[in-house]
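What follows is chain A paired twice: with chain B in the first complex and chain C in the second.
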Partner chain A sequence: MSSFARYRAAWRLERYAPALLLGIALLIYIAMALGLGQTRFLTPEAAVSILNRSIALGMTAVGQTFAILVGSIDLSVAHLISASAVVSSAIMDGNPAMMLPAAFAALALGAVVGTLNGLLITKLEVNPLIATLGMSLVIQGCLASFYGSFKGSVPDEFQIFAYGNLLGLPISLLVLVMLTLLAWLVLRFTRFGSNVYSVGGNRDTARAAGIKTARIVIASHVICSLYAALAGLYLASRLKSGSPWIGAEGAYDLESIAVVVIGGTILSGGKGGIWGTVAGVIIFSLIDSIFNLAGVDAFAKQVMRGIIIVAAVAFYAVRSKRMAA
Partner chain B sequence: MTQLPIIEMRGITKSFPGVKALCGVSFAAYPGEVHALAGENGAGKSTLMKVLSGVYLPNDGAIVVAGKERHFKHPLDAIEAGISVIYQEFSLLPERTVAENIFLGREPTRCGIVDRRAMETEARRVVALFGEAQHIEPDALVADLDVASQQLVEIAKAVSLDAKVIVMDEPTAALNETECEALFALVEMLKKRGTAIVYITHRMREITKLADRVTVLKDGWTAASYDHVPTPDTIVHAMVGRDIGDYYAEPATAQEIGALVLSVRNAGNDQLKNISFDIKAGEIVGFAGLQGAGRVALARALFGAAPFTKGEVTLAGQSARFQSPREAIRAGVGLLPGDRKGEALVLMQSVSDNGMLTARALSNLAGHDKATRFASTTSMDALLRQVDVRAGNFSQEIKSLSGGNQQKTIVARWLSLDPKLLIFIEPTRGIDVNAKAGIYHLMRELARKGAAIMMVSSDLPEVLGTADRVLVMRLGELAGEFARGATEAQIMLAATGEKVGAA
Partner chain C sequence: MTQPASMRNIAPARRRLQQINPVYFVLAVLIVAIAVSNPSFVEPTGYMNFLKRAAPLAILAAGQIYVIVSGGFDLSVGSLITLTVVGSSMLLNNNADATWWVILVMYVIGALVGLINGLVVSYLRVPSLIATLGMMITLNGVAFMWSSGSPRGYLPETFRYFGRVNIQGVPLIQFLPVALIALVMVGATFYWLMHRTNFGRMLHAIGDNPRAAKMSGVPVERVRVLAFMVSAFSAVTAGILLGGFAGVSTDVGIGYELQAITATVIGGAQLLGGRGSVPASIAGALTLTAIFTLLNFVGLPKPTRDVVQGVILIAAVVLATYRRNRTGT
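Right, the complex of A and B next:
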């Protein structure tokens, strides 16, 4: 009978790995700045500017975390970001009174795209990679053919989103922090959040436990798309008008997946969380900053990012194999 | 009998493409009773329970709960009707805590916020019902628990759901003797609380010990149904539906046993300790033991999949501590894994391609794929016919074949390489009764032709009926050796390490 009582809490390195990686990246950055005598890169202002560089990626990645945790993935976020930026700037067209309707339209677009993605994946049982890739192509095609008629611009008032400050901090950064906290609260403290983990962990188990799994998957995709639409609004505000390429240029689809994975959320779903994703986003920004400090060219930076992504995933894979043995 | 059943299934029929899994099966569960559901693998027990739990929709028939006919469209409907199923493969999420698993999908909330304290309190309450010896921390991760405790979490889930019917699908499959006893005590406790237990098993001992009623399924039909517990022989006869006479093949005669083929001396790795034994040509040696006793680890070590790190192994006189399956295959070892679909077959390829798999793998990469060094498609066809694979034609996809025919195809695969040692792991798992007899006779035939055969099986009657000699493993070591004619009790004692007289 004693075997029933056996319980040993294992110390799980991989749970702290994102924090560890973040610490390493931070140390390298500080060492680099000190070594080069560039202490102005170590001020709070520098920290804010590092974070501020990743607002759009941060928003997208927080949303992507939902899609991946539920056991799905969303490749359509990049083009959705473009679409959101283009649609909102076309509706505003320089008129401050249209700001709210424009934001509303962009979010509605996100909700529609997310719902469609979710329906394709759950009801038609299309593989998420293919469903969202297809959705991505559709959005891209629509943007390309309609762009001629979208000659919008963003009123100055709307640019406060990207350039305004509140209490000495950029408004956009505050918005990202709030969106992140909201996502964390939902995942950690609501039944919906628990269900996201359950469905991602094992869809059959979740279904057998009485969870309506299709709804959870669809809702996760809607959240993912809403966050992407918000990222599109932010980019429109920053760039003063929407362009149909901003999403793709930022490679937000692949980068958002990369930072989620670096943050320790496993691609098959059910394990991970928002703080890992936050760590992943900051790690990516720090890598950028480190390379800027070192004066390395953009191509080398890209190679380094690639290596880090693969190394992170390999690390988690090796760890989980050891756990199973 | 005056009582109304809690649930009643009437004339349930369920078909899958190409298979009629259930055919007019009726079944009832009464409060405070254990109804044993017996039957061979593939008899339809699990399908019937999946219909009951709302995972499958029946094609025909009715489910009556408390006098009302119900149609479960989603597992949620069945749960709400008070039905909980504990599947053999647990439906637990390893990365979540015990409390989270117990409340999966129905977490208590306060103002929309999951009430973790309430969850832990309720989890503690339910686990406490099981007695002090079986303590589980509600905030432990399920991945950190052993199998018995995981099962306890499943039962706790059902109790916490206030289930009126709890279905247990072969609950003792992965438990050791002590854990089984604890489980039986739990079942008795649930009975006293008025829960109806549907107990799926094919172990007679458990039926005799626990059941109040017995229903036997065979090939999707109700073969027999008793309101009492009949003798084990009666149940077995209903399960098997044939006489056991020529079920197993004749054992080897003294002349048939030939030269030494495999010799293992003091071999070990991180899962195995101090293993020494021999197998001769013409001999079938059975390996018995509990789950995780090291039998599969030993097979994998011999096959080079998880190599020995110490000791000596020789195969027909040559040193044989293989570091990879490829080396082992080259030297004349073949392995038929227990998980056919997962480890042995390429389901979407043809019977013929599945037969040729290893021959092609070991042949020249640039060579002809229809005529390799070891086998041609023609010689493979002959081998497939020789082992009696029944298929429309050998170019059809192997996934459409029955388990028995799939297993025979894998045998043919190895025959093309003319192996000295064949390792069968759970050779008849998921194979119907008549096909099982075919596999036993085939194994004997291979032995008569001079192969040494190692058979790892958790089915004790099968080991006793087939093997010329039985080796028992326990905790990674050899714990006993028995000549033909040993009893199940003797083997179980050696496997569990209990003193004689304890059982």
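Right, the complex of A and C next:
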């Protein structure tokens, strides 16, 4: 085989690997449901409920895709989600008139955190892991000293976000689909989107080509934080109140990174995309559903989850010639 | 990196001073601050208890630096600590005679965990962040499964000896905690291994430029596996000490992986490899513990500690970058 043909083959596999993994997960799920005679888990309603389980993770992961694509990473999303949930529900405090200001405040918080992360990484040249980890500690500490426990309450009108239906589909799912499409359009069809790939691929080359790399990195972090703030709003709406532990409990920081990487986006940046992340999110919820169907106990589930994350990433990483670190 | 002109004119003494890692000065200042705000700190009970409390984190940082210098991260150490504590209590089952073989079993488990981490990173080419994250999730699950969610029993005194006991009647300092002896022994061994052997040199070479190291004949994969095994060894050791004074629970190890990484960063280690030292990492761990102690004396609550840790983490990296750009060292 010529080296060109081998290159082509590897390229194709890398591109379709997330779809392949998704197909495998889907097959296992269907086989399991059929084998156990539980055909009610194969209806469209079941599919919607599987998807609906990972709305918050989906939003966070779509945002995280931007941070990872640009060659950075964001570990502060989990506590930002908590902060957004707590701040918004504290501002609303059961009053429907305060819904818009609350949502605005949460998004503003996200924008500030994203900008700070971006500035630390670009202007002060702090390693992104450390910058966002430090930011995460700061948010956590501020949150815990201002709000010790559940705060505020969410008016019924706002709960529509999590519990409402439109055209037979949950509104939250529709919002996630819209946010995903928006992210895809931005990455695929705008100059900013292609700049994200260039900066992630090679920051020095991108700068030499005249791209203002710092701005692209900062903007990517702002987008990442905005999506996390939206996930916080959704969780506040679902829990009917803001909990300062919601983000950390869901481990949204590490889970969103795992999902993005399983979706074929490369940790060093510049390669991957939104659809891979979507596949990753669905794979995660399918794995959960498979375990539930099989009746695996919660702790064994966690063990297998850890193994699956590593195995899924190894699935493509093993072929790369790159030196891993 | 070229040196700025001003550097060449600096007197040699001042230049030598600049080459000393700033973490030692920071640590010295903090210790003076603690001694001033709490005079009983200068008594042996004060500083020995401080060292005893800092020992697990210091040992952990000394192991973590191996992985960091080689260019990776080890996020699985916290869960390995939990597994060590929970697993020991399950295996010991309140039987004091079993202590020695249980400790041996724990080190074997640790070696296995490090080996798997290393193999997955080296041969499956999974980024260490993801590989050790997966290991962290898995080990936490194993610890829960092993104890069925609720760890029972106490660790017998023979096991808690390492973390808790002070050897009495030592001249000059009155007493000597066993944990401190463990720290000194591990620290000295790790210092020798990192800074006095070929293994340590190869580790730095890999972290600096893996491709160049490979071409110069460094067995990159094997060295990396060893680095992860050293880190796992330090985690088991820290777990045994923590089991001694913290007791059994499924959350003993939570957060230790990030504190260990913070400690190495405060000690001037460069993330993604090529730079770092064992004594500076231990000093970083002592600095972190000293900061927490000081905040405790001042009476700041735990949330404020988080904020301070976050700010210090970022500040340490900013300062290190600034210093590196300025002095070119």
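Definition applied: the second predicted complex is superposed on the first by the 306 of 325 C-alpha atoms of A that agree within 3 Å, B and C clash if a C-alpha of one lies under 4 Å from a C-alpha of the other, contacts with A are read in each partner's own complex, and residues count from 1 in each chain.
Quick note on the criterion: a residue touches a chain if its C-beta (ideal position, glycine included) is under 8 Å from a C-beta of that chain, and two chains touch if they have at least 3 such contacts.
All figures in this text were calculated on a predicted structure; none of them were measured in a lab.
By the document's definition of touching, of the two partners only chain C reaches A:Ser136; chain B does not. By the document's definition of touching, of the two partners only chain B reaches A:Asp204; chain C does not. Of the two partner chains placed by the overlay, only chain B lies in contact with A:Gly193; chain C stays clear of it. Touch criterion met: A:Arg305 reaches chain C, while chain B stays clear of it. Residue contacts after overlaying the shared chain place A:Leu167 against neither chain B nor chain C. More residues of chain A are in touch with C than with the other of chain B and chain C. Contact with neither chain B nor chain C is seen for A:Ala97 once the two complexes are overlaid on the shared chain.
Touching of chain A by both chain B and chain C, each in its own complex, is seen for residues 323. Contact residues on chain B toward chain A in their complex (touch as defined above): 53, 55, 74-76, 79-80, 85, 87, 91-96, 100, 103-107, 109, 112-114, 130, 133-137, 140-141, 143-146, 148-149, 152, 176, 178-179, 182.
Within the complex formed with chain C, the residues of chain A that make contact are 120, 124-127, 129-131, 133-138, 140-145, 254, 257-258, 261, 267, 297-307, 309-310, 313-314, 317-318, 320, 322-325.
Across the interface of their complex, chain B is touched by residues 1-10, 189-191, 193-195, 197-198, 201-202, 204-212, 270-271, 323 of chain A. Across the complex, chain A is touched by residues 70-73, 120-131, 133-142, 144-145, 149, 210-211, 214, 220, 258, 265, 271-273, 301-311, 313-314, 317-318, 321 of chain C.
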